[in-house]
């Protein structure tokens, strides 16, 4: 499914913020009848929006054990009681991680402080590991989910510091050093980064080199802007499209049903 | 067989803070009491008897959900030092122990953050200044390390961490599957000295029922040498026996049982009370200034005589009643929070 | 390091009837439906669609307890051949499948016996005459082989079978712990083609609740490529959602749901009905004479149109009501059985 | 604790049968405050009797998942609902086997068709494994429990066929080939056969050679009778005692409370 699928383009730039745009674009990446393990924030909003639009049968899971809740509002923790509120199952962390390891989970989302052109992510530290200049939380479940789920997505701000040619620490595997590297490392075949959605563009991965390739630019964004905000050389899709902005119904659902208190969309 | 990415099988360079020796663990478990005895006691007594300086702790729940806050406060209050910690999505639990300067080594999967709430400045300082020695892992790695210990084997294989610095700075080792030849990570069993776990219901012997997600507590309770359980309420043994299917932790894993209503506050206790997000924000704000934060910890943990006194300082029964209402997720959460 | 008893690491010589390849299993699980759809159907349809000749079966429950008898009868009635079987305390379940001449290979932990009730002559004949190819294991080995598959890893280590002919005639391999150097047995993951499981309650999507011991069904349901669930009763999805803690098997493991009250008869269904010991004795007696037994199987399995007709032949509702009373264990069991 | 501990010896030979004697002797081997995994039949009767006499705090477990039931009567299967009737937990087979593997279970009981002088047991087949003359059920949980529990016990009839110098198949480990063999094979140190209780004698294991050593003869039984019923050379305790017969209270409890329908004690 193409992100920039043909639709009637309406200029709504004044009507949505960057976070709303990213969430809508991410939601459209999630195929119907699939499973996704999400965290808090934008990924959860994207999954909730997808359920109400293009993927009504998307099954949401949380790494702490929740399966298929009727989410009453956005969770603040991937283990809070919303994550299994009227859920189909309140399991355990092994339960969810093992479902991922068995191949039952299609999508997951990552966050992180740095990302490189192969989609490898750092969420551990800046500086030397033993004496870090900045300590971040660490992998959490990110390394697990990105190792085991079929498709890994990211919703992240894009700038030169964050999109770097050299990670201080490779917390979570993207395509590692390129073609064959995940398989050689022992990671399950057929897995890996799928889409990175930023405030500027939708970025995929070139099937041959497994390097980041821009698939579509958001309305009003130029190639130069994207390059200026990236610390490595990007590839560009042959048919570079324009990202389809949120339509009014997506925005209505996102604002009224998914995140009425603007916990996530208020952050933009 | 996959082509070789790594020139040879690799080992992580991180220190292993606990021994994965299953035979040594067996000798401990051999002498662990099997008798049904009344284990009801106070948090003070349980921590005094069962948590020693230098011990390695595993904490139940999920960072800010169903955490044994009252027991953690008691560890701080009694001034335990040089503890090891399993940082298995350790959020508010880690924040408390770091606030008490209790921890000097940590198996990190997730620390210093409070998920969507932000980062703990005080915990970051402790890690950045090297006051806490670190070995890197992941949430699943720590979950499966507990499971290995609960199973009584010295390691379990998994398909995570491979090819990353997380593995390099861990204490995991790479192995090959003896059947398929695929590369796997071997995760060493994690037998904590002590587990602190908060549950919904327990009898005086330590048979426990838990509602909602188990996280890793099923395995943690079995992996740990000693287990302190705090419980929202004590129930008669007959209630355990009426529904033995619901026993998540059997008594023979448990060394002490402490009845502490609201014992997970300010965390979320499923079906009981929601997290106190305002109070958790107070923590994060207080941490911005070390001097202010020392006063905050003194006021909230060190000075209160017990957990009930802490609850009083945080708004007492009225606030707790609000959190009970919030937990039931009225149609629009704002209906409650705007009141 | 222990002194060497075995000159080298050993492998069992038994055939491995199923592939432990976790990547191959992942490809299957990738295309397994994730959608909540109504999976309610009949035993006939479920077995016709989901059990093929040559498939490898895992059977839930514990031999004569919470077994999917109705589904097993249907497998016999449809004349399935050359099935593989996980003989994980396979007692009456194994007896039924051997009676139907359905099985040609078996991972044996426990077969041909019915525990305290005696031995199945017909099943013994099948094994003694070489009609069933055998690889030896143990109950824990098969339990952990299911668990390995449920975890998505190609093997799990354990401390059983070592030094015995059970290991020698298994398909296990010996390995060393990469941390402690101890000798361990590596148990290959067991991914059955089909699991047949009987539960207390399920919704139409396949979310299941089980009361009493789980045996290995938690893992079996996750390990198997396809899962047929029979249930004492269908409950509304709201009932599942009211207590998600109780969901033992989630819908996404399940391919078909069949509502069959008394579906475990003549086995014991905890909290519902006790085993029909008289009828199980009839089986054992009928087996003494092959001709007599063929007639017995015809009469009890092949000819009845469905499971309800079998129940009628075995005494119908009156007998079932007696078994319900027995299940509640009146102070002296004789009070009931003497009536 | 010695089996033949000093008590007032009363001649009750006419008052009990061999099964009752074996059950009473086995019950006395179980220390108080310990855990035991039992099967059906005599072992379960012994554990139930021990709970009512010398080991009131004995915790009974069943390999299929039951823990601490208030047994309403003798189970007919180790997975039937009696095994967790008003139990402390109704767990799973992994739960129990893992408790054993962790070192939490003190005692277990075995049965089998053949046993050798090291306490190795055959419950698999007579004749060649591929074409067995007789096929038995196999290990079941026996190999697991005898590998993992601290002390393994056996209640078995004794004759030359059963007590053999050469097993057709070594299903379940005793001391394998003797001192050091269990440890060398990788079995947990400190485990192994503890007592074999037959209709003739109580048999232990010589600490040096790990071979069967007769500890006490049942009332009226001679050394010769024991030797005649054993297919290998037995060792004899220096202080060979006489087995203490059941006392009236043990018999009353066994007959009235443990096995009122004589499912087990009626088999003698």
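Each chain carries a letter (A, B, C and D) given by its place in the written order, and its residues are counted from 1.
Here is the rule we use: a contact is a pair of C-beta atoms (placed from the backbone, for glycine too) under 8 Å apart; a residue touches a chain by one contact, two chains touch by 3 or more.
Treat the numbers as computed from the prediction; the structure is a model and nothing was measured.
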| item | value |
| --- | --- |
| Between chain C and chain A, distance of the C-alpha-averaged centres to the nearest whole Å | 41 |
| Whole-Å gap separating chain A and chain D, where each centre is the average of the chain's CA atoms | 59 |
| Distance between chain centroids, defined by C-alpha means - chain C, chain D (Å) | 28 |
| Residues within chain C bordering two or more other chains | 22-23, 151-153, 158-159, 182, 184, 211-212, 244-245 |
| Junction residues of chain D, two or more chains touched | 66, 84, 90-91, 94, 101, 148, 188 |
| Touch-based graph of the chains, sorted into line, ring, star, complete or other | other |
| Chains that touch, pairwise | A-B, A-C, B-C, B-D, C-D |
| Complex contacts: residues of chain B adjacent to chain C | 16, 20-23, 151-159, 173, 175, 177-180, 182, 184, 186, 188, 210-212, 244-245 |
| Chain D - residues contacting chain B, complex | 33-35, 57, 59, 66-68, 70, 84, 86-91, 94, 98-104, 106, 148, 150, 188-190 |
| Contact footprint of chain D on chain B as seen in their complex | 22-23, 25-30, 32-36, 149-153, 205, 207, 222, 240-242, 244-245, 247, 250-252 |
| Of all residues in chain D, those that touch chain C in their complex | 39-41, 63-66, 72-73, 75-85, 90-95, 97, 101, 120, 124, 129-144, 147-148, 169-173, 176-177, 180-188, 260-261, 263 |
| Touching residues (chain side chain B, partner chain A) in the complex | 2-6, 61-66, 87, 89, 91, 108-113, 115-117, 119, 124, 127-128, 130, 134, 136-141, 143-144, 147, 158-166, 169, 174, 182-185, 211-216, 218-219, 268, 270-271, 274-275, 277, 327, 329, 331-334 |
